[in-house]
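You will see subunit A twice below: alongside subunit B first, and alongside subunit C after that.
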Partner chain A sequence: MAKRMTPAIARFKKKHAGKTIQVSTPGKEAWRRLRRNRTALLGLAIILLMLIAAIFAGWIAPYEYQQQIYADAYQTPNARHLFGTDNFGRDLFSRCVYGARYSLSLGLMCVIASFLTGGMLGVIAGYFGGRVDNLIMRFMDMFQAIPQVMLAISITAALGNGIPQMITAITVSTMPTISKNCRAAILNVKNADYVESSRAIGVGRWRMIFRHMIPNSVGVMVIFVVGLMGATINMMASLSYLGVGLNPPTPEWGLILSDGKGFFTAYPHMVLFPSLMILFTILAFNMLGDGLRDAFDPRLK
Partner chain B sequence: MENQDILVVKNLKKYYPVRKFELGREKSFVKAVDDVSFTIRRGTTMGLVGESGCGKTTVGRTILRLHDVTAGQVLFDGQNLAKLSTRTLRKLRPQMQMIFQDPYSSLSPRMPVGEIIGEAVREHKIVPKSQYKSYIARVMRDCGLQPQYFHRYPHEFSGGQRQRICIARAVALNPRFIICDEPVSALDVSIQAQIINLMMDLQDQFGYTYLFISHDLSVVEHISDTIGVMYLGNIVEMGDKKSVFANPMHPYTRSLLSAVPVSDPDVKMNRIILSGEMPSPVNPPSGCKFRTRCPNVMKICAEKAPVFKEYEAGHSVACHLYPQDENETVNEPHENGQEK
Partner chain C sequence: MTKFVLRRVLLMIPILLGVTLLIFILRAVTPGDPVDSLLSQNATPEQRAELREELGLNDPLVIQFFRYVKDVFTGDLGLSYSTRQPVLGEILGRFPYTLIICFGAVTIGLLLGLPLGVFSALKQYTWVDSTILVLSMLFAACPGFVLALVLITIFSVNLGWLPAVGLASNLGYILPMVTIGVSSLSRYTRITRSSFLEVIRQDYIRTARAKGQTEGKIIIRHAFRNAFIPVASSIGIQIGHQLGGALIVETVFGIPGIGKYIGDAITARNFPSVQGGVLFLAFVFTLINLLVDLSFVWINPRLKSSFVYESESREKRILRKGAREER
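The block that comes next holds the complex of A and B.
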């Protein structure tokens, strides 16, 4: 079966000798498709903006988030205070910028935590199936029977306010959904021929999960992560708004919103700006999520 | 001591339970493989033919324990694979490999080719680390792939090349026995020939034993030494290639052979056309399973399952057209196996 080199091939080889071959990976393909989707790019841009705000909050924000300037209290948006000030004279723009730091980092932590717990449980349930699957899924059903926000509120009520407590609450309450999604993703690839064929070559159990099954469902999972980021930020804001999330004076968007709600009729800007921050962030994550879905699976469109 | 027979399959059965949400009812089963026995000699190729749904793929997968065995024995070099623990089985995996039907879905789209071929080589430590790269390159060259494709992804290859990758993946482990599950049916004819020839070259070079599953009789005739014909979970005829092709005894084999296209338009084909569909393997017909479609059906066919019996040297058939054994006690266990 040795291939003879025809003159044409020889010429081709000579011409392209020494050039590296462009490797196109599925990831690159997806990025290429994503780049053409304007909505997704807008979402990505907003997220990047928020990310910059979060990282460089110290430089961007003109004031400290807890700094109270009583002389400037109750100011509507102006040149000195872009988003106005609240009843304590705290600069709302600075607070919103610092808020990005909290929302994004806590959101990310929650997503990672729920993937490590719920996601892994789902993967295990999907891979092993049978009794293990049943046990894990019924356990998740138990959690799911309680409305998500209610569950989160009860957990923070039990544990108290604070960052680790809130992460726990959100992680536990999102665990059922995430585990079910991961399980479905694994079931999807479980009977694929390439999984069967790697079983035939004797690939070990964990290697199979981490090298074959998870990489091949990564598209679904990325979409889910991005969607979950939005949902988590929303949930954090809701908890803080209800007074069971973080403690003041933390500049968490939900908390700023909650602080401003008493002055809503006279000073709507106190509510408007934190709301807009929440709105744009969640919107951005959803837009990016939809774009990613289309990019990873062009058949959906 | 070297055993002549590398693989002995004895009374292999694979039933899949049909899920029915009726409490207290007896479970019914899809009898995908129902009492199949055969032997493959070292270094030879056995062709397994039959129409789709007759259980030939399931035979292949149960032999490798990709699916668990319901009953029966699979002796690979004297070791019963059906009973081995997962751990011991994994150690044995490199010795028996499989090439799948669809070269598009059997390669993970997120792994470069070199990694696909080399993954198990590293896992089973086939070669020392220092020789790994050159070993993979050699295997790729053996299979007609250029080693510089090492970092490319499967979607950049054509069907034939992908099947070469699948073959390379199997061959890289130095197997002794390879199950080829319709390895060429997804490819077009010119590529089929290349792949078949590649497989035969590799067999000459390394002495592999093949179980070649296919529905394409001309391909099977080209590559096989012995042939087994399956119908609805049973082997109905088995024998040397020459003997089966020259003198097909079972009516099913005859009709299959009559359906092979001939390249000479002047030759008149006497096709034996079967009517109807294959019956459901959940509820197979009594007696001979083929009787519902058999052109030579007799009264006895509904009553008794025919005995699988050798009529010529190395050529066995299960059919009532041929004299059945007078010695009834020999038949008994076989019949019971079918009724269950």
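The block that comes next holds the complex of A and C.
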């Protein structure tokens, strides 16, 4: 749809031609508040660092993640192997760096998948209300009746180990929470004036949802995404640790930890470094998530 | 109130039926033949066929499902493939361990979390407050198994005070309880802090100060009591999380609880035990949520409407609203 130029807009443009106009949008306001929040910025910095590690893993890591150098097995951290090596002589620093790639990308995929399934169902439930709402929410109650970790484990156990299976498991188990949150977000904007007025000028229901309601609840949803990333990485590591997530030699942090747990009394570094990676990544996402919550809605603080 | 309780209890039935169906579907899509894990490699085809018939594995899935539901309602969760004992009995025998650990964890979480939260609120925006907040964030971010390994390293390996695995003595309960307790601690701390900060700005606190009440009594009698309500309501949710997390912590510490039971059953492809265990946990979880909702209503009867009239028709709701406004 081409933007129509009303006389008022034309006059305004003529008057202010060549000047930049400072407009403050909620997003800009939020960013301004976020910039002053040191904890959130620290979280953001750690996440960026992990992202760099994930993207440039091939250049950063001195060895391949599955490369076994038997002569170097069981080394404690030193100049050649920053994080030491494991029982197969694999460089733990390289494995942890490649692990960032797995954890972040898989985490993101899980979050996107749960938004596309659970989030959309929640939006539909919230928008249509009534019987549809009841049906979808009772369906979600069914999933929610099983503790999250338990559900994820049962699903991976049924489907077997592997990346698509694990994404399915985590998606299904986080779906109820995310659908309830999205439903609440939609209910929040459902009676807003701009929704009423859009309805009055005859905006269709899907256009209403995608052009008006979702963009206006994006702040709330961003907070979920960030919070969910932390929770997803946690769950992924837990599943791998229990041996029901990914298959070795995938350098997933939980799996590296699980490989090292048999040696941890004698060689604590095998457990320490993957633990720290998991801990700091989850912490970073939580810190950023809290900061975003405060920034988007200062009243919640 | 009776009607409300009844409604909520009845609502549990479709949910639990749904859970049963869900677990059944999961089992149906699981590759692998349970007969393989029951019989030795050199069993004759006749033996295998006989066992399949005996377990009812030849019937259509729908029939198998209804048979399972019927059995569940009569309290029969089937026989464990690995021990040939009734699953329900095995679960009930193991559940106390999980329960003790969960309650111990809640106690630890509350005993540490409440004072920390209050203290942090009293010293808002000082270094004490930020230290407590950072620590609680750190604990919240720490996955259960990482914390468990850290605790084992410190208290079992280095200091040698507590056993790392098993329940040879009651000391074995301590580390699992602390592991789960500490991860819920951060939630209690943060809820206490924010609710305390809210309460302390209320008028009745100012009144108490104005009439010359001592600061200690204000904190304990006036502020804390009111600030506790949101914390209490989060306890149920926390217990639910802990039941799920029990699988991980029990596996790490080798506690023979229900979490480890399910974990072992999953590895052994022992379907009746997995189904029974998950169903049992779902039942307990739903029951806890029910009790939490009921206690909300008991504390604050105004909330009743939000639970009871959920499925009421829109017309009725509008009518009721209108009637209330007229009054």
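Keep this in mind: the second predicted complex is superposed on the first by the 284 of 301 C-alpha atoms of A that agree within 3 Å, B and C clash if a C-alpha of one lies under 4 Å from a C-alpha of the other, contacts with A are read in each partner's own complex, and residues count from 1 in each chain.
By our rule, a residue touches a chain if its C-beta (ideal position, glycine included) is under 8 Å from a C-beta of that chain, and two chains touch if they have at least 3 such contacts.
All values derive from a computational prediction rather than experimental measurement.
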Touching partner for A:S197 - first (subunit B), second (subunit C), both, neither: first
Touched partner set for A:L135, first subunit B, second subunit C, both or neither: neither
Touching partner for A:A73 - first (subunit B), second (subunit C), both, neither: neither
Per-residue touch tally on subunit A - higher for subunit B or for subunit C: C
First, second, both or neither for A:N216, with subunit B first and subunit C second: first
Contacts of A:A10 with subunit B and subunit C, given as first, second, both or neither: neither
Which of subunit B and subunit C A:K261 touches, first, second, both or neither: second
Touched partner set for A:R207, first subunit B, second subunit C, both or neither: first
Partner chain in contact with A:A45 - subunit B first, subunit C second, else both or neither: neither
Contact set on subunit A toward subunit C in their complex: 130, 134, 138-139, 141-143, 145-151, 153-155, 157-160, 230, 234, 237-238, 241-244, 257, 261, 264-265, 268, 271, 275, 278-279, 282-283, 286-287, 290
Residue numbers on subunit A that touch subunit B, as the complex places them: 1, 3, 21, 23-26, 192-194, 196-204, 207, 211-212, 215-216, 218
Sites on subunit B touched by subunit A in the complex: 61, 64, 66, 90-91, 93-94, 97-98, 100, 102, 105-112, 119-120, 123-124, 144, 148, 151-153, 155-156, 166, 169-170, 173, 194, 197-198, 201
Residues of subunit C touching subunit A in the complex: 14-16, 18-19, 22-23, 26-27, 29-31, 137-138, 140-146, 149-150, 153, 157, 240-241, 243-245, 247-248, 251, 262-263, 266-267, 274, 278, 281-282, 285-286, 310-311, 314
